[in-house]
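Chain naming follows the written order as A, B, C, D, E, F, G and H, and within any one chain the residues start at number 1.
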Amino acid sequence: MTIVLNGEDREAPPDITVLALLETLDYAPGRVAVELNGDVLRRVDFGRRTLRDGDRIELVQFVGGG
Amino acid sequence: MTIVLNGEDREAPPDITVLALLETLDYAPGRVAVELNGDVLRRVDFGRRTLRDGDRIELVQFVGGG
Amino acid sequence: MTIVLNGEDREAPPDITVLALLETLDYAPGRVAVELNGDVLRRVDFGRRTLRDGDRIELVQFVGGG
Amino acid sequence: MTIVLNGEDREAPPDITVLALLETLDYAPGRVAVELNGDVLRRVDFGRRTLRDGDRIELVQFVGGG
Amino acid sequence: MQTGTLTIAGRSYPSRLIVGTGKYPDFDIMRRAIEASGASMVTVAVRRVDLSRRGGESLLDFIDTTRVTLLPNTAGCYTADEAVRTARLGREAGLSDLVKLEVIGDEKTLFPDNEGLLQATRILVKEGFTVLPYTNDDLVVAKRLRDAGAAAVMPLAAPIGSGLGIQNPANLRILLEEIRDVPVIVDAGVGTASDAAIVMETGADGVLMNTGIAGADDPVKMARAMQLAVQAGRLAFEAGRIPKKLHARASSPLEGIVR
Amino acid sequence: MQTGTLTIAGRSYPSRLIVGTGKYPDFDIMRRAIEASGASMVTVAVRRVDLSRRGGESLLDFIDTTRVTLLPNTAGCYTADEAVRTARLGREAGLSDLVKLEVIGDEKTLFPDNEGLLQATRILVKEGFTVLPYTNDDLVVAKRLRDAGAAAVMPLAAPIGSGLGIQNPANLRILLEEIRDVPVIVDAGVGTASDAAIVMETGADGVLMNTGIAGADDPVKMARAMQLAVQAGRLAFEAGRIPKKLHARASSPLEGIVR
Amino acid sequence: MQTGTLTIAGRSYPSRLIVGTGKYPDFDIMRRAIEASGASMVTVAVRRVDLSRRGGESLLDFIDTTRVTLLPNTAGCYTADEAVRTARLGREAGLSDLVKLEVIGDEKTLFPDNEGLLQATRILVKEGFTVLPYTNDDLVVAKRLRDAGAAAVMPLAAPIGSGLGIQNPANLRILLEEIRDVPVIVDAGVGTASDAAIVMETGADGVLMNTGIAGADDPVKMARAMQLAVQAGRLAFEAGRIPKKLHARASSPLEGIVR
Amino acid sequence: MQTGTLTIAGRSYPSRLIVGTGKYPDFDIMRRAIEASGASMVTVAVRRVDLSRRGGESLLDFIDTTRVTLLPNTAGCYTADEAVRTARLGREAGLSDLVKLEVIGDEKTLFPDNEGLLQATRILVKEGFTVLPYTNDDLVVAKRLRDAGAAAVMPLAAPIGSGLGIQNPANLRILLEEIRDVPVIVDAGVGTASDAAIVMETGADGVLMNTGIAGADDPVKMARAMQLAVQAGRLAFEAGRIPKKLHARASSPLEGIVR
C-alpha cells in the first residue's frame, strides 16, 4: 500500500503500525512526534495504530532553532 | 414632544424639521452635521425631515484637533 | 614658639620634632604625610627634624575620593 | 641669477622686480600674495622691490578649501 | 527649488506638511501658525456642538478653506464602529471624502488599535472614503492597510504629543522600503524641527504634526521652522548625503601648503 | 521671518551658514551651490601657485566677492608658525583680517592641536587679525581662545569630512552655556540637513561646512537643504520647543466625542 | 548576589536568560555555549525528519535536559493554523506544554503577524499550553496577549538576527509599566552584551537570544558575556542607578585641598 | 573564563575595574561595595587632616590594602603645581609611586586642563611616578601624555558624577585605534552597568568609576553589577560580536516546516 510520509509517496507493508514504521526508519519513538492525517498521534498509540492506504504521515523532531 | 439632542432630553414642537431646529439653535446648516437615530442625515434632507417624538439627534461640528 | 599648621597659627614647644608633634595630635605617623615649608618631609626624618619658629607644616592623610 | 620660487631653483634676470616676475608668469598681482625670504611682501612693494640672487620667494593664491 | 508635492489618492498637495488645529492658545495664533507652516492640509476633529455655548467664534472662521484642505479625524474613537460613525459625520460636515482614521487602543499612550483600524478602513474604503489611517510602525499592519485600500499609511514617530521624535528609525526605514505604492506620512511625536528633517531625510512622503507647533512657546515661529525643516529634509533626501566615515577627509587640498 | 544675523567682531552677516569651496566636481557647481546655500561667508585655502599650470580658470572667477566675504583658512598647517605665515599670506591675498585658524594635531583625524592653536591665536590677535579658530569641544580650551581674543569659537561636530553630525551634544550644550560673549560656530562634521538643524536648535550661532555639501550627489540641492535646515534649527531654538514626555497628550479635545 | 529568578506560569527558572540552539558551527560548540550561558531554558525548532539522512547525530544528544528546559518554537509558521499544528507536534515530541509561539507576518523582517498570533494564542491556551508569544513592542497587542492567557509577552528588541539591540527604549519602558502580571521577556535583536544589559536595566524580566551568541566569532565566550550582562543589567535595575546630570559632581571632597 | 588582566607599568591587576572611595553613605558600605566590585585598585584623595576632629574612624581602616592597591589622586587641583605637590604628599602617605593625576580646568564641569596636565605629567614622570592622567577624549593630548611617559591614558566618558555614560563613542574608538602602547582606562561619567559594558566592548582596557556606584540606592549591589558588566563587556569585545543588519536572519532552519 502507499502512504504519504513527510509529503512523499512511499510503499509500506499493509497494516504496519506506526511504531513498526519508525523502527524500519531507525527512529527512536521517544525522539519524534507523529501527525497522522492532520492530527497528532499520541505516543501511546504508536504501537496500536495501523496504517491504511493513503494515510498522510508527518514525522517531526527537534532541531536547532531560536 | 421630546427628542434626545446630543444625549440630552429636550422639548421640541411637533413636526419641527431639522432645519427649523438648527435655526432655533442659531446653527448655520452649512457648518454642522446631523446624525438621526444612528444614521447620518444628508443636508438636503434637513428641510424635509420632520422630527418625531423620541428621535435621537447628534449635532456635530468641526473643532480644533490633530 | 609659633608654627603654621595646616594654615593655622599654633603654639608649640621649642625644638619639638615632627614625630612628637604628631604624637601630641594622636596621629599615627604611618597614616599621614607631612609637607614642611613647601617640601615633603620623608618619614624617616619625622623623628630627626625639629621644628623652628614660623615653620609652615601641612599634615595630610587619605580620605575617600574618586 | 638664481632665485628659489615656490621651492624650486629658477633663473631670473638680475634686478627684476617682483611685479615684473609676476608678469612673466602671467599672474595678476591682485590675485596672489608673495612671501619673500620668510616675510610677507606688501603689494605696494611689488614694483619697487628688486630680487637678488638666492632670494626665496613664495607665490600663493586662494584655492578651494573648507 | 522643487521638493516635489505630496500626492494622495491622485490629488497633489504643494506642501508635504500636514498640521493640526488643536491646542492653540487662541484661534488667531492658530490661523497665523497654519499660514506660517505653509501646510496645504489641516486636520480637524468632529465633536458634538456645545448647546450651552451659543454662537461665539467657530474654528472654520479662522481657516481659509480656499487654500487649505480640511482633513477630519476620528480622534478619541476606541472602536471601529465609533470611528466609522465619526468619519461619516465628518464627511457630511466637510463635504469631502478625506478622513484621518484613528482607532485608539490605549488611553495613556493613544497607541492605535490596529485590528479595529483595519476593520474601519475596510468599511470606509467601501463607502468611498479616502482613508489616511494613523497607525504604528508595524510593517505587517501597514501592508494590510495598503491592501485594504488605505490611501496612505501614517505611522507614528512617537506617542501623540510626546515630542520624542522618531523613536525607531530602523522600522521607519524598513516601512519605507516595503510600502511603495501609497505615501508614508509620519504622524505624531515630532517635537522640533530636526525631528521633522530626520523623518523626511529617511524618505517619508510627508509629516503630520500638531502639538509640536501648537505647544511651542511661539507657535507661529515653530510653524515656520517646521515648514523649512520638512523642505530641508526632503531636499537632503533627494540630494543624496555623503556616507558616514569614522575618520577625517580633508576639504582643503593637501598639495601646495607653505612649509 | 527673521532668524537674526551672525555677528562676528562687530560685523553682521545675514546668513548663519558659512560654506567651504573645496572638493566640488567643478567651479560652476561650486558657484551655484554657494548661491543656493545663501551663505554670506565662504572659506578658501591658501596654496602655492602651480607654476606648471599657467593661466586657466581661477577660483575667484566663480565667487561673487561683492556678495560673499572670503574667509581664508590655514588648513594643512601643523604648527603655530606655519599657520601664522599662512594667515599673513591669506590677509595679503584677500586684503581682509579674517582668518579661519587651523593648527592640525593629527593627520588621520585632522583634530586640532589646541596648544599650537592658542599660540597662533595670541600672535595673530596681536597683529590685528579677526581670528576664528577651528577647535574641538573642549570647554577649557574654548575659554582660553576667547580670553586670547578670538572673535569666535569654532568647535567641530565630528571629524572633518566624516559626516557623522554632532557627536557630543552634551559638550556642545555646556560650551554654549559657558561661552556667551563670542559666537560659537560649529565647524566640520555635518553630514546632512538634520545635523545642521540639531546644531542650531542647541543654540549655536552658526555652522560651517564643506564636504557635506560638496560631496553630496547633488551639491546644489544639498546646499539649499542646508540653508533651510540652518534657518529651521535657529527658528526652532527661538520658538521654544515642547518638553519631551514618555506618554501621550491628546491633541484633539476629550469632550463631545460621539458615542 | 541574587538577581531573583524568572517565573513563568508559576514555575521558577534560575536564569533570566533563554538561549536558542540554531546556527551554531557544530553541536559541540552549541553544547558548550549553552553551558557557558547558564541558561535554564533553550529554544528548539520542530521540523520534519530528513528521511534521506538516516541516523547521525541528533540535537538532543547535546542538550542536558536534566538541567535545561526545552522550549519548542513555531518558527517559520505564517498562519495561526500552521503554528497551532507545529505547537501540538512540539508538545508531543517534548512532552511539555511550553511553546514559544511565532506567527510570522513578513518574510524579510520576520516581524510577527499579531492578528494570527492572538488567534493561535487563544486556541493553544484553551488546549492547556503555556504560551510564550513572540511579538513586537505594540502595547495594545501585548495587553490582548496577556488577556488571552499568554504566560508571558515577548517583544522583539529589533529584527531577528539583526543584532541592532533595543531600537525603541521608550516603547519597552511603556510596555514594562503597563504589563505587570506576566513577565516581559525581550526576544530577538540582541547583538552584544550591552544590548542585553540595557534591556535588563529597563526592567525586563528576561531576555531570549540566539544569533547574538551563535553567530559570534567565539560563541562560547559570547554566551558567557551574555550571562554576565543579563545579571549585571538586572542588578543595576535593582540597585537603582544615579540620576543623569549635564554637569559634574565632584567625587572627592572639596575641603582640605593643599593650596 | 579569563578576561585577561589590566597591566599598568608592567604590573598586572586581576580586575579591569578601578573604583573610588568617595561619597559613600558610610565606611562600611564602602568596604562592602569595594569587595563586591572585585576591584584590585581603589582611588583615594589626599587632604589636610582635620585637627578639630581628633581620632575617629579613618578611611584606611576599611580598605584591605593587602588585597587592593591604593591610587592617590590629585582631585581638586587647578594648577600643575598644586597637583605636583599633592602627588608628592600622596606618595609619601601611601608609599607608592602610583598617582591618578587631575589638573582641573573648569569648576562646573571638572573638565581637565590638558595643558597643565601635560606639564605636571612631565614633572612627575621625571620624579619616578607612575602617572595615570585624567583627561578628555582629545586624541592629540592623549598622544602627548603617552609620549610624556604617562603609564596610561584616562579619558572621561562624560563629566565626573554626571552618569551620562560614554558621550562620544566615535572619539573613544579613534583613541583606542591610535593609543596602543599604554592602556586606555575610561574614567568618570559611567552611570550604570551598560555604560561600563559599552566602554569595554569598544576595547577599552579598563574603567574607573566612583559616583555611579557610591551614589546608587544600593551601592553594594551596583558595585557587583559593575564588576559583571566590565567582565561582560570585555568578553563580548574578545568574542567578536555579529555585524549589525537592518533586516532579519532566521535563527531556525527554513527547511522541513510542516505545511
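Note that contacts are C-beta pairs under 8 Å (C-beta built on N, C-alpha and C of every residue); 3 or more make two chains touch, one makes a residue touch a chain.
Please read these numbers as outputs of a predicted model, since none were measured by experiment.
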Other chains in touch with both subunit C and subunit H: G
Topological distance between subunit A and subunit G, in contact steps: 1
Remotest chain, subunit B as reference, centres from CA atoms: C
Contact-pair overlap exceeding half with C-H, pair selected from A-H, D-E or B-E: B-E
Pair of chains joined by more contacts [C-beta pairs], D-F or D-E: D-F
Inter-chain centre distance, subunit C versus subunit E - centres from mean C-alpha coordinates, in Å: 74
Centroid distance [mean C-alpha coordinates] between subunit H and subunit E, Å: 47
Two or more partner chains touched - positions in subunit C: 35, 58, 60, 63-66
Where subunit E touches two or more other chains at once, by residue number: 20, 22-23, 45-49, 73, 75, 85, 89, 108-109, 111, 159-160, 162, 164, 170, 174, 210-211, 214, 246-247, 250-253, 256, 258
Chains touching one another, given as label pairs in label order: A-G, A-H, B-E, B-F, C-G, C-H, D-E, D-F, E-F, E-G, E-H, F-G, F-H, G-H
Subunit G-facing residues of subunit H, complex: 1, 20, 22-23, 36, 45-50, 73, 75-77, 82, 85-86, 89, 108-111, 159-164, 191-194, 196-198, 201, 210-212, 214-219, 221-222, 224-229, 231-233, 235-236, 238-259
Sites on subunit F touched by subunit H in the complex: 105-106, 108-109, 111-115, 136, 138-141, 143, 158-159, 162, 164, 167-171, 174, 178
In the complex with subunit A, residue positions of subunit H that touch it: 250-253, 256, 258
List of subunit C residues in touch with subunit G within their complex: 35, 58, 60, 63-66
Footprint of subunit H on subunit E - complex, ascending: 170, 173-174, 246-247
